[in-house]
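In this document, chain identifiers A, B, C and D correspond to the written order of the chains, with residue numbering beginning at 1 in each.
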Amino acid sequence: MDKKKVAVLGASGYTGSDLLRFLLQHPNVGITYLTAEKHAGKKISEVFPHLKGLIDLELKSLKPKSIPKNIDVIFAALPHGTSAAVIKELYDRDVKIIDLGADFRISNKNYKKWYGQHPCPELIKKAVYGITELNRENIKEAKLVANPGCYPTSSILGIAPLVKNKLVDESSIIVDSKSGVSGAGRSPSLDYHFSEVNEGLKAYKVGEHRHIPEIEEALSNYSGLNVKVSFTPHLIPMDRGILSTIYVNLSKKLTTKKLIDIYKSHYKDEQFVRISSEKIYPSTKQVRGSNFCDIGVKVNSAGNRAVIVSVIDNLVKGASGQAVQNMNVMLGYDELTAINTSPVFP
Amino acid sequence: MDKKKVAVLGASGYTGSDLLRFLLQHPNVGITYLTAEKHAGKKISEVFPHLKGLIDLELKSLKPKSIPKNIDVIFAALPHGTSAAVIKELYDRDVKIIDLGADFRISNKNYKKWYGQHPCPELIKKAVYGITELNRENIKEAKLVANPGCYPTSSILGIAPLVKNKLVDESSIIVDSKSGVSGAGRSPSLDYHFSEVNEGLKAYKVGEHRHIPEIEEALSNYSGLNVKVSFTPHLIPMDRGILSTIYVNLSKKLTTKKLIDIYKSHYKDEQFVRISSEKIYPSTKQVRGSNFCDIGVKVNSAGNRAVIVSVIDNLVKGASGQAVQNMNVMLGYDELTAINTSPVFP
Amino acid sequence: MDKKKVAVLGASGYTGSDLLRFLLQHPNVGITYLTAEKHAGKKISEVFPHLKGLIDLELKSLKPKSIPKNIDVIFAALPHGTSAAVIKELYDRDVKIIDLGADFRISNKNYKKWYGQHPCPELIKKAVYGITELNRENIKEAKLVANPGCYPTSSILGIAPLVKNKLVDESSIIVDSKSGVSGAGRSPSLDYHFSEVNEGLKAYKVGEHRHIPEIEEALSNYSGLNVKVSFTPHLIPMDRGILSTIYVNLSKKLTTKKLIDIYKSHYKDEQFVRISSEKIYPSTKQVRGSNFCDIGVKVNSAGNRAVIVSVIDNLVKGASGQAVQNMNVMLGYDELTAINTSPVFP
Amino acid sequence: MDKKKVAVLGASGYTGSDLLRFLLQHPNVGITYLTAEKHAGKKISEVFPHLKGLIDLELKSLKPKSIPKNIDVIFAALPHGTSAAVIKELYDRDVKIIDLGADFRISNKNYKKWYGQHPCPELIKKAVYGITELNRENIKEAKLVANPGCYPTSSILGIAPLVKNKLVDESSIIVDSKSGVSGAGRSPSLDYHFSEVNEGLKAYKVGEHRHIPEIEEALSNYSGLNVKVSFTPHLIPMDRGILSTIYVNLSKKLTTKKLIDIYKSHYKDEQFVRISSEKIYPSTKQVRGSNFCDIGVKVNSAGNRAVIVSVIDNLVKGASGQAVQNMNVMLGYDELTAINTSPVFP
């Protein structure tokens, strides 16, 4: 069987690197085209020495017209705005597109408010939101998938069973998220300079992070409720991992045991979502390098409030792993192909 | 002038070590007696090589009767239960006692519920809760000070202006705390084994941590309200620092600017509490090694919810620094003596 | 085709965990038996939550007689002494054995000196030293392979081209090695307690580490020279990775370029050894989680001294990855099977 | 008594920050003038939030003529070349100058080779090399002190007793140094981007680091030997600390015990140099934040080779602490003033 030809646009960031890690293991695809503006002309292994001997393509400058016509799947790991502009030019080709940026995740109205003018608002409605576990049937038919953000993935998977089952006061949801530093990308700046970040911890963009509308829209669309979240992101001195601690007021009394059952039932057919036993809460370390989302829950003794702890690897289930999962669904492959690997522990 | 003679009971832990760091710089006191059960007979510099050349006392086994009568100040950094039992025997001496453990921080009723039978419940009422900024006048007169826990210090200083000014729905308070690993002490266990903790992040004792009653009692006593908190502690892969992200529903509409003014006014005479400007949130790194508590606040656009970010060094303002601050108040020294040092950055 | 049945003895350590990570990806083997003394009766996913959903075997107590007769391959990740005693009992079975411990790596004479009395010295000579790149032909025929230690792997692969080509004064070799903390195993102790190790760096067992005779014997056997090394190990605050900086006096004048050619030529058929270009030295981060050994070299301007920098992941090429590589060779599989995965970066 | 007026040129780097930490504790000096090109016009506490409430000076642009005439002591923490040009203009004033850069540490001949044309070669000979323990008498009389580099400080203090006592083959010295990341300064670049550095370890500038001539000149001048060193620096994922592992061939047979005695005797009057007992090697963590240099030594069983392990905090004994120590000597204060503080452990 012929392998599908894959292009990765924006291959020199951490998301690009982790995409290659998984795609290189995929028996049904071949990586044939890579772009990276700042490094055009170099080999990928010059930019990422860890890939030496595994892949040796030259990085191209990104010009939509130069992308070969025979490419079957395009992953776009580009800055917002750029991504939409490029995808606009490629959309009419016979190609599957998975956008790992923010351009097709939220409505045009919210995009305008949080990002500005959208280059091709008409395409937003054609895109399918790619949180695989909640939207699989639509992804199967999609030509363009908007791969979710890292914070939203951990938040949405953690909250979905509550809103779907109408168990929660949808205006009470607080998400306190903690992320490793790779989520900030590979561009040097004082904020991510080793000596500034290491051995410290801070909150940032309190109540103002662009992932807020994404979480709210995705959960509202999924549940029919009008979900609002208070969201605070934090930067943690580690490479990978997001832990979201979610606080909700329950709309009906529950016990921890009962809530665990609800979560297990909700995700019973999902290979990548694992629910912890009572009194056990997952560490980001137990999903490191893998596509798992692990969730632990706790209801207070009064039975009217719950805390949910949801962990992912921000670069995998929060980006590249989920992108490959979506590709598998779009192309009809076994959904686990290439991403059913063990976390790397320790 | 004669220096006051100081004893440290339980000197071989991290709290003990940091106490010595500050006491060695104090012009009015001399360290004359140290105990450490597991290391009795060794010199302190064998247990802590970093102290070599700075202090050379032998560690004693802890027997209250053997503690010299001429000791003026006793710091107890002992396990709960042990601490109360020892202090009971020493209480009638002419001595000032600062207990860094949990035994005298909460009411007997809560102690029984969260810890068990108290060795000397009659002393609980005589102890003064030692969060210096909120209780200075009582500390001046105290013979026995209950030095606050690390999580409570960051939480209480972060919430105090809200409850004192009756600005908050006292049942809505959520405290999401993140602590460096030194807070767990110096006893090896798998939970704090380097390769298990490093590069990971986890929640623990969700809704069940013993610092909950301490936070609730301290804030209720301070404000007259009946404060309840939802509290989730997390373990962060770094040595020192606590960051508490606090979520509250406001009982009256406010702006961020207005709330910052309220905090600045509340702490206007305090050297160790620093309030950040709008949109700036403190990092634990900016208080590392120091006695500062830095606080940033944010009100949502509707004006009815606030997020407070409060950071301390868990071993300093959360333990040893505050203990020395309390000693300074108890003995009538300048409160800043020996602890008015710059954070160690980076 | 039937899968080969594999047992892992001592599955609850970090080496065991990483073995399972690779074996789970191997198309030709099935994991059927696991032991772990301290955790006998538990499921492996209770001991390693990251493996939940991937493997669900119960851990057994280690009794050689209880190991099923139909096991085809045994990996032993046991304490030295224990390992030899167990292998002695299993040796006569129709089974391939890969010992990841120290018991069969060195001569009986050195074993006695560095470890003590050997339980079955007669088996030492039957064992084949398993540094695959240097000993492949013997490994193909081996029944019992002594998988190399982590420090020796990085050292030996870094020095082999020099001694094989007689380019070095074999008494001048200095190996300064730096290891991540996972090399110290999973048993808690103050030495590996997070707050003691993090943000610090130390040397230990200077000139007295048990890996010294292994390095010397392996290189002497490989080259015919009488190799002696000065060896200093260091503990680095990170999970994985070993970097060995090797200093040698050259026995003939060379340039850096020439020496790079010699290394490239020496390893030209090896997939897992990558030689860096001039002035580029590898980071442990570029091999993290993978079976690669990356090497950079530098000759001084006088042409008479060289520095070699050799990096591996201590748990992979330094333990589990090399063990699977050896199994592939022993069983006649493609040597790259299951271990030809990209490093996990960052 | 009037306090001496101090200026810090280049106050916005890590060296500047740590200088302020110590100077703020110094009873005999007052900080009155700070410069920082990139941040001119800002307050120092905007650039370093950790200093808020401790010092509130505005940062000035660096113009030698604008520096007030009444300044008594100038610390220059500037890029090489800039430093010499500025000091040239200030040299004729009645002022003591401590240069923390490289411009006055080595001979003009070596400067030309390793750095390029020197702006004022005539001043090089007037400068006194400021490794206090080895050069105290000259520092007392100096107007301009060249404060040593961080790698050289750990290396020189570790090797000095050997060369002074002619115990070593001076052509055999190998220095394998490992440094925390703060040594690379505060300017963001990919090399020091958190996600690139964390959890990894690398060598750099092998045999080509500019600290080589400084180590060789300082030790040659001190001993009269013609010292040559092989030097390899490494980058360690931690904020602070340098550990140098030094390998030498001895010119006369020794035991470890004997060598420890030689080191103890050599440094017997030094407060900041501590010699470890046999089989104990210092960790950088035990000197963190302090001015100590801790040294452990080991002689091989043949008695003809030694390994010396020397640790410092690169920002303190390797920069700011030593600068204050030199100032104390130059101004006739107690040498320990302001820097006799406990390491911050953990």
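Assume a residue touches a chain if its C-beta (ideal position, glycine included) is under 8 Å from a C-beta of that chain, and two chains touch if they have at least 3 such contacts.
Bear in mind that the values here come from a model prediction, so they are computed numbers and not experimental data.
J.: Please indicate which chain is farthest from chain C, where distance is taken between mean Cα coordinates of the chains.
T.: Centroid comparison gives B as the farthest chain from chain C.
J.: For the pairs B-D and C-D, output the one whose chains share more C-beta pairs in contact.
T.: Looking at contacts between chains, C-D has the larger number.
J.: Which whole number of Å gives the spacing of the CA centres of chain A and chain D?
T.: It comes to 46 Å between the two C-alpha centres.
J.: Using Cα averages as centroids, what's the distance between chain C and chain D in whole Å?
T.: 39
J.: Need the CA-centroid distance for the pair chain B / chain D, whole Å please.
T.: It comes to 36 Å between the two C-alpha centres.
J.: What positions in chain A touch 2 or more of the other chains?
T.: Residues 14, 182, 195-196, 198-199, 237-240, 282-283, 285-286, 288, 346 of chain A each touch two or more of the other chains.
J.: Provide the residue numbers of chain C that touch chain B in the complex, in ascending order.
T.: Spelled out, the residues of chain C in touch with chain B are 14, 181-182, 184, 186, 188-190, 192-199, 237-239.
J.: Applying the document's contact rule, which stretches of chain D touch chain B when the two form their complex?
T.: 14, 17, 20-21, 24-25, 48-54, 182, 199, 239-240, 271, 274, 276, 280, 282-283, 285-290, 292, 294, 340-346
J.: Residues of chain D touching chain C in their complex?
T.: So the residues of chain D touching chain C come out as 174, 176, 178, 180, 195-196, 198-204, 206-207, 230, 232, 234, 236-241, 243, 245, 247, 281-286, 288, 296, 298, 300, 305, 307, 309, 311, 346.
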